[in-house]
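What follows is chain A paired twice: with chain B in the first complex and chain C in the second.
On to the complex of A and B.
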């Protein structure tokens, strides 16, 4: 168990540092902080112009959704970059527990997603006058952790495809934009056609965003427990699907000897 | 004559290369359609009438800007990675002329976005495509694309010296959408942002397209697009010359 945890925690952090050694403040700040900030302003102003929802609706929706910058792209890169750097072969030849290797990579990504979301919430407070009650903050933080974990689960699934796919970033980019449409980030689910609303309910973020909105509006955590548990279930389902897909593609790649090929 | 040949051949070759890129397919067709759909539903939920064509045009123009931005931002970087930047810089024609057709092709690819959002809006949301000044719309479209392409050339020139051009591209997408008022009026922005809007070709481009489609004065925005295109060409010629010289003097062209 100690070995498993060491691979999970230490391995995850070392892998993150190795795979993202190219990140510098000049790269991180515009991409991971600047872009989410302007996304928030863009949709808030669009909502204001369209007379659609309240300002808080967009602040919460977008502040939670921007975690996907880290959760989707970061997680995808955590697998795909091993292949790009030529280290995937040695990694998969090692006897390390695959679950610890795979899930451990999600931990720094999750932490980064939380940072991006927290920053965007902060920008909402400073620039747009978003004022959740102080008492709502712990519940909001808990919901955020679960929602970012859920989004990281989807990132794991997409990342696992990076074992074989030639251009996995196409899928990550597409997923990021589709979340803006399907997950109730900027459009209430009841405005969407029923099939879109149904798809949204099967995706990460949707239930977490709904819970975060209620809590920010003053609802107690107990009132949104159902939404939070559903989001946690979605997180577990996507992480499991990601791991199963990772293992299956690993075996398939070994069998066909295409592990490092493009 | 040689210059025209360089522009024509560079334009066609880059257009072909962009046609094989999944990323550009996403940026120029799928992403604008998704943003158009988001805007349609937001307008629908807000009950603003008569804004669907407005949203389709705006989302299309967002795609034109994204394609120009990522194309121009990525152009120098990709050439650097592929090892062809030195060849382009070392070629006898001025560097601005070598890269002009590339940025024009990037902006032209962005026109797919406008076509995609208009067709999508018509088929899925029944947006009526009745343009008040159809001929002026056909004039405003290439004028906007050329102006954006030339603005992309200015951006590309600054990326010769900047190692993190891609990060800057990521940052600049939303701010220009916002300041240009592509899917909402700039009246919802603070007054201090107006001068920023006035120097952005997408601002005048969307005004020209919007007025041609929905009614309004088109020639004023077209004149501003022409003025900004000439300014961009002049600035990019200067900056390409200056930054190329700096990169050569410091031996930092490859930035490795």
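On to the complex of A and C.
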């Protein structure tokens, strides 16, 4: 393998084990499995009680959105914790390809996000009677990968910011709840005030969730191609913004010692 | 190998809580020195003198405000990546490690970052673990490591990719005496193997034992440079007499200072006792004249010795 590929894959996994705080089962189970599960049940039951939307609307919306548990919190930790451990200096003093270092950290986060979403979908099937057609599964999986990737991109941006701002987790928290509100997870976008739906369209998840709902209801992938491509574009935009701000911070740190590297 | 030319670095910070005013700290003010291949060069100086700042500029973590530096012929600003590939650096302290990972995984990560290829990694990691005396404990998580073990791991990480030039910023801080001796041997071995080393330390005996040449830096400027022997000779000619007394007042100290041949008198207070460190030119034995002016003061102990690097250092940085 060439060096940067190794940094991307192998380095990404080692760094993830080192930086992701909730990797121990005692933390992982409640944060990555428990709270998504209860979020799913809570909103689905609430929605059914209010007769607002169909059950599947809530199951798909929440099962996709819970990937943010990994993609926002996990990703933020995987970058911002460098500062906490004081490892940023050694990292930045190394000649490693920065894109491989930075983006490589997204891969385990993405995998974990997929796991969290898949688990929540599974719970929807087992506990709530969600029954997508078998034929819809490949398309659903593809949409899920892209949507989790775009959420991970936002996590990268927050992680970069976290290198500078010491307490970034409140921002990750805020982002998590804003996504619940703005991205059509539990409230259809068209009943939101127009500025809110506009914000929602600029965030990750929104287009992916819409596409996932259509596909779960039997629409072919070709019918939601526009949504999927848009979500992919959002993913690229956020990941790029995260990487650019990381590089910018690295430069600013060399110029004016803002990161106080060691 | 390492060339610093008129390096300067100013930090811009702010002061004041309510009305923030910018404040410029001139950490390094025109530092120049040259380190040859295979040399062990020491950078000594009081806290805040600008040693770490100088090193950070040389290892490309900070851009100089002005001046130039080259490491292995590569400019640290223009050609930072090349410099990074070929140098290693180690800093003191217990942070800077991935706490939840084992020492082995910490090293593995940095092996990846430095492009140590897959097949060589294992052998090389085992080798450096052996070298710093962590072999056998490498599977434990770093969070359970003592300060000294962390320091050893820092060193292992710094030399993992077999760099030609190694920067060591207080590498033995927090290490027990026997362990520190081992680490000094490791550093000496590096130099014996042809590496170039730049070292900072607050332990004078360490600098004396290890360094081929030393620069003393105070308030961002070099105030003395040379081999340890040269520094001692330049600053403190002749002998040093130490007198332990009870209750010597300022007037008495001045009388000692005024004696013929005395170049400097430093007073250290220890409990109620005072220790007068008297430096004098020539080989003249000063004990008798000093005791004469000290009459009436209780003298506990008198000793006379060769000057140490610490004497030279204290004289250079102007400490009391």
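Please note the rule applied: the second predicted complex is superposed on the first by the 254 of 262 C-alpha atoms of A that agree within 3 Å, B and C clash if a C-alpha of one lies under 4 Å from a C-alpha of the other, contacts with A are read in each partner's own complex, and residues count from 1 in each chain.
As a convention for this text, contacts are C-beta pairs under 8 Å (C-beta built on N, C-alpha and C of every residue); 3 or more make two chains touch, one makes a residue touch a chain.
Keep in mind it's a predicted model, so treat the numbers as computed, not measured.
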Would you sort A:90 into first (chain B), second (chain C), both or neither based on which partner it touches?
second
Give one of first, second, both or neither to describe whether A:209 is in contact with chain B, with chain C, with both, or with none.
neither
Have a look at where A:257 lands relative to chain B and chain C in the superposition and call it first, second, both or neither.
second
Between chain B and chain C, whom does A:183 touch in the aligned arrangement: first, second, both, or neither?
neither
According to the stated criteria, A:136 is in contact with first (chain B), second (chain C), both, or neither; which is it?
neither
Going by the contact rule set out at the top, does A:11 touch chain B (first), chain C (second), both, or neither?
second
So in the superposed three-chain picture, is A:19 touching just chain B, just chain C, both, or none of them (first/second/both/neither)?
second
Please output the residues of chain A touching chain B within their complex, sorted ascending.
24, 26-31, 34-35, 38-39, 41-42, 45-53, 167, 169-170, 173-174, 177-178, 180-181, 186-188, 191-192
The chain C residues in contact with chain A across the complex are 11-12, 56, 59-63, 81-82, 84-85, 89, 91, 93, 95-101, 105-106, 108-110, 112-115, 118, 157
Please output the residues of chain A touching chain C within their complex, sorted ascending.
1, 3, 6-7, 10-11, 14-15, 17-19, 23, 85-87, 89-96, 101, 253-257, 261-262
Along chain B, where are the residues that touch chain A in the complex?
22-23, 26, 30-31, 34-35, 37-39, 41-48, 51, 163-164, 166-168, 170-171, 173-175, 177-178, 183-185, 188-189
